[in-house]
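Multiple structures follow.
There are two complexes below, and they share subunit A, which is joined by subunit B in the first and by subunit C in the second.
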Partner chain A sequence: MSENLLETLSVLILLSSFVLMANKRISSYIKSFRIQSLLIALAAGVMGVRSLLDEGRWDIMIVCILIVVLKVIYIPGLLNRTYASVRYKVEKDFILNIPILVLVCCGLVVFSYFTLATIDGSSQGMSNMQLVNSVSVIWIGLFFMISRKKALGQIIGFLVIENGLYITAMLATQGMPFIVDLGIFIDLVTFVLIMGMLTFRMNDQFDSIDTDQLNNLKG
Partner chain B sequence: MGFLLLVIPIIALLLLFILKAKRLHHLVSVSSAVLLLIIAATLTHDVILYGAIAYSSLGGFFYLDALSMMILDIVLTIGLMAAIFSIGYLEEEVRQGKLPVPKIRLYYMLMVTFIFTMVLALTVRNMGLMWIAIEATTLASAFLVGFYNNRYALEAAWKYVIICSVGIAVALLGIILLHLSSAGILENGSFLDWTALYANAASLKGSVLRLAFIFILVGFGTKAGLAPMHTWLPDAHSQAPSPISAMLSGVLLNSAMYGIIRTTAIVNHNQGSSSFAGRLLIGIGILSIATAAVFILTQKDYKRLLAYSSIEHMGIIAVAIGIFTPLSIFGGLLHMINHSLTKSMLFLSAGNIMQRYDTKQIFKIKGILKTLPVSGTVFLLGLFAIAGTPPFSVFASEFSITAAIFNQSSLWVGMVFILLLAVVFAGIAVTLFKMFYGQPDSTEAADAKTGEINIPGTVCLVVLLAAVTAGGVYLPETIRELIIQAQGIVLSII
Partner chain C sequence: MKDCTPGRIGNEAMNSIAYIIIQLIVTLLAAPLVGGLIKKVKALTQKRKGAPVLQMYFDLYKLLQKTSVVSEVSSWIYKAAPYIVFATALAGALLVPVSTKIVPVLIPGDFIMLVSILALGRFFMMAAALDTASTFGGMGSSREAMISSLIEPSILVALFTVGLLSGSTSLPRMMQTVQVTGFPLAHPVYMMVGLALLIIIIAETSRIPVDDPSTHLELTMVHEAMILEYSGRHLALLEYGAAVKQLVFITLFVNLFIPHDQLIPFMGFGAVILSLLLYLLKVVLMAVVIALIEVNTVKFKLFSIPNLAALSFILAFLGILQFFILGGYHV
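Our next item is the complex of A and B:
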């Protein structure tokens, strides 16, 4: 039962990264990221309940609560604050147009299928498809960073990569050691704070948050 | 005892936070660096005598063996040099009006945090925690790279954080796969534990492990500045304040390389031969040296040139680790030490030059030896040293690596390697030696008196130069013993 649920959730998480890729407004990036994090929190919740009932372990439950607090509430809130203070609301110039970007994402899923299909999955009843789905989220996040030129888009791309890594770790290996999870959260929050601050400074210095402005250092 | 390594930076951070006077900030930073070095010295002694140090308290995450001890010693030595140099450097920046006084405190707080994260990366046994600490080094140094807060510094900082974080995210995927390869073999408590992975290396799943190695090489390779993932490095190293550039080049790159070495040891142990990891490492190493050679030949900015030279040396170390014979590992580890000392010496003297001339452009600088007799001499000799001329220490380690390549009868690799080193030497000679010729411009000479600016910093330079020169002819027994033990760990002949 929980296995089916996880399978469904992992597909939904992949789908949410497609939705993100098709977005044009920076505010909808933040919304899509929030939905994706919520789905990840649900997956963590399912696994947490299972491990609590089977082995009496609390750590995945705590991680689930942390995801809700940090990735669903705190970080999107922070991003919204940054967003409110910059002028650019809509991305106009993509490297490719959106339908092609989405098609490339499909290609990325196929690519990760072929890299990972040969790997014998873990012994803990995880199907290879879940691994493929979650690794695809990482590549899509990376591709999202490349395709967007605004600073906020790049920050969200990185957060999606982190989400993908997180769901990979959780599905593939029943969660990292608890202390590692905690450390990753601390790093993530620091990252968002630092990047937010740099975005403000960029907005001051260049009067825009277009990362194409950052082209003075060469050679 | 070992926990003090982690506690002292935290105490220093608190003191910096509480204390107000500028003088005390300098004092706290230097004295914490001295204390850390003293502790490291006693721990080195213990490691050489008893092997690895581990404590069972706090989940048993603290772990030091000869390999991490060696790199930790480098970190703390360079950390001390940078701390002493910073005093004069910052005072001069304040005097020139480039830096408001309150920012000194911020600078030291970030620097102490930076050292803390590097010490953490080197003293944990869990690969996951090591990853976290290495990611934290990026975050801790982001504002140091962008410290001057102008357009260029901002661009460098942005690129630095984005590229390194994404790179290191790839390494995390590698570590997850490493975890996956050990599923069903390791106990719950020893997940991602390096010693456990190493001990059970033979029974890990080979296919997953190979995939994991590729991701870890790309990920930590980004942080170590290996081409083609090196693009953040010249920007970050040239924009950061000079003592920070010295630490980035001399220390941070080694910490990332350390992650690669640890993983290589597991993978080679598992595969029973070094051919898989070796080929990847040699390829990426040669590519890095070649990239650096091209950019050094055409460089106009001396700090960027030094940064490219760091890429070259990381490439040399990657090749040495890839060859994976006792001689090459010895040479590679020795090269880490030599490169760190020489490169930080160069970056620090470049800091003095930059404060005197107020430019990073090579063609605007003439007659350094007249205006800055000591820093100029150190810079000149340092350039010879970093290019690998005898009698300096870099020559000794480069020579043993080259010998190891030919011993292993990788004739083509050896020839390309030597050719590229020659190109780099020529590049440094052609581009940088212009700075030493000619008379200082008359306009410069009017306001710039001859003589050194930063006296304590200059003493550091002389100490480093002495160490680099002595290291070429004589390797102290303690250091040799430490390197040999580290070599044993990498090659699994303990």
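Our next item is the complex of A and C:
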């Protein structure tokens, strides 16, 4: 039962990154990121309940609550506040049109399937499927980051990469040591705070957060 | 059907003929009902009373009484198109069994044939719209050509995925495989393909995000623009054909993703009746779902439709990819 739920959730997480790639507006990037984090929290919750019932371990449940607090509530809220305080002229900030971007993402999933199909130890079946899906989320996050010009889009891309790494680690190891999880979370919060601050500064200096304009600084 | 003398026809052939007749009657009688239900649900959500559910039957009856006016510059395509559209819709309806208890063994054919048959009807509809050289006809058929060419790959990929899971391209076989799957929409592959097919149904049956079936507004109409020139009997056939085609797609969806026949343990005539009733219940449910989707979305502009088509293609493609990642094993 929990295996079935986990595999469905891993497909939904992959799908949510496709939805993110197909979004046009920064407010919908933040919404999609929030949904993806909620799905990851659900996956952590499923694993947490299982480990609680089987081994009596509480740590994955705590991680699940931390994901909800940080990635579903705090970070999207912070990004929303940054977004509200930044002036925008034009919202369209992607380099290719949406269908092509999304089709390239399909190619990325095929790519990660072919790279992971031959790994020893990842047997056929469920675990392999979850691994391919979550590694694809990393690739799609990276591609999202390079396909968007505005700083906020790139922050979301980084957060998606991080989500992908996190879900890969969680599904592959069935729960990492608690201290590693905490370390990742603290890193993440620091990153988001610094990037938010930098975005504010960029907006002050250039009246825009389009990172293409940073090219003007070259001598 | 080698031996046609009375009394020598095998039991199986008799059953098949009976099944074909049941299939045709159910499809023909239920098809206008779906449109009526969707309109009624939409009206109820908007706090209106709405037209009666059987309105389309009255409309068809009225249209069949009238003479059809044909432009004198039109060619034979204009007059043949309504019959071809209706005939292809019926042929499509024969390929998709309304219930796996009713599988006419006399009719071979698979989903590739279904897609091509429906494409034939669509081709003639587009050609007929161009025939009288009216401005709206040309506009409508160019839009229809764009939408159908975008949607067709995802139909094929989605149905191929289900075909791979069931090991056969024949639609009855695919539906019989699903019967033993348990609850298919919880399975990752079926989930993706199901979502893709939902988008395909919306696009193929001219529902709101793609086309607005209830208005004759120049900016929005696609299907309506193509049949604008028709009147009387021809119009009735085209409307009826569209309704049958809509029911074909809904049948495909509900029988592939909400299997019901494993609930019926006994065989025989009672099982067929029970199975048909359950089928009609599923169609009603699906009509309500489509109406709710239609109420909750807005009409996309024409150039956003490629995004929707890309989404449905990607869902179908992810479905086929998950199938291969799972090692291609059968559920």
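We take it that the second predicted complex is superposed on the first by the 204 of 219 C-alpha atoms of A that agree within 3 Å, B and C clash if a C-alpha of one lies under 4 Å from a C-alpha of the other, contacts with A are read in each partner's own complex, and residues count from 1 in each chain.
We adopt the following convention: a residue touches a chain if its C-beta (ideal position, glycine included) is under 8 Å from a C-beta of that chain, and two chains touch if they have at least 3 such contacts.
Owing to the predicted nature of the structure, the values given are computational and were not obtained by experimental measurement.
Colleague: Using the superposition on subunit A, decide if subunit B and subunit C clash or fit.
Modeller: fit
Colleague: After superposition on the shared chain, which partner residues are touched by A:7: those of subunit B (first), subunit C (second), both, or neither?
Modeller: second
Colleague: Who touches more of subunit A, subunit B or subunit C?
Modeller: The larger set of subunit A residues in touch belongs to B.
Colleague: Which of the two partners, first being subunit B and second being subunit C, lies in contact with A:184: first, second, both, or neither?
Modeller: first
Colleague: Determine, under the contact definition given at the top, whether A:22 touches first (subunit B), second (subunit C), both, or neither.
Modeller: second
Colleague: Considering only touches as defined above, state whether A:129 meets subunit B (first), subunit C (second), both or neither.
Modeller: So A:129 only meets subunit C here.
Colleague: Of the partners subunit B and subunit C, which touch A:103 in the superposed model: first, second, both, neither?
Modeller: Second partner only, subunit C.
Colleague: With subunit A's C-alpha centre as vertex, what's the angle to subunit B and subunit C, nearest 10 degrees?
Modeller: 150
Colleague: For A:176, is the partner it touches subunit B (first), subunit C (second), both, or none of the two (neither)?
Modeller: Touch status of A:176: first partner only.
Colleague: Classify the contacts of A:119 with the two partner chains as first (subunit B alone), second (subunit C alone), both, or neither.
Modeller: first
Colleague: By the touch definition at the top of the document, which applies to A:85: first (subunit B), second (subunit C), both, or neither?
Modeller: Neither partner.
Colleague: Quick one: minimum Cα-Cα distance, subunit B versus subunit C, in the superposed arrangement, integer Å.
Modeller: For subunit B and subunit C in the superposition, the minimum C-alpha gap reads 18 Å.
Colleague: Output the subunit A positions appearing in both contact lists, the one against subunit B and the one against subunit C.
Modeller: After superposing on chain A, subunit A residues 124 contact both subunit B and subunit C.
Colleague: Spell out the part of subunit A that touches subunit B in their complex, as residue ranges.
Modeller: 115, 118-120, 122-124, 135, 138, 142, 145, 151, 154, 158, 161-162, 165, 168-169, 172-173, 176-177, 179-180, 183-184, 186-187, 190-191, 194-195, 198, 201-202, 205-206, 211, 214-217, 219
Colleague: Enumerate the contact residues on subunit B facing subunit A in the complex.
Modeller: 59, 61, 126, 128-129, 131-132, 135-136, 139, 142-143, 146, 149-152, 154-159, 161-162, 165-166, 169, 172-173, 176-177, 179-180, 183-184, 191-192, 205, 207-208, 211, 234-235, 238-239, 295, 298-301, 304
Colleague: Subunit A touches which residues of subunit C in the complex?
Modeller: 186-188, 191-192, 306-307, 309-311, 314-315, 317-318, 321-322, 324-327, 329
Colleague: Subunit C touches which residues of subunit A in the complex?
Modeller: 4, 7-8, 10-11, 14-15, 18, 22, 98-99, 102-103, 105-106, 109-110, 113, 124-126, 128-129, 132-133
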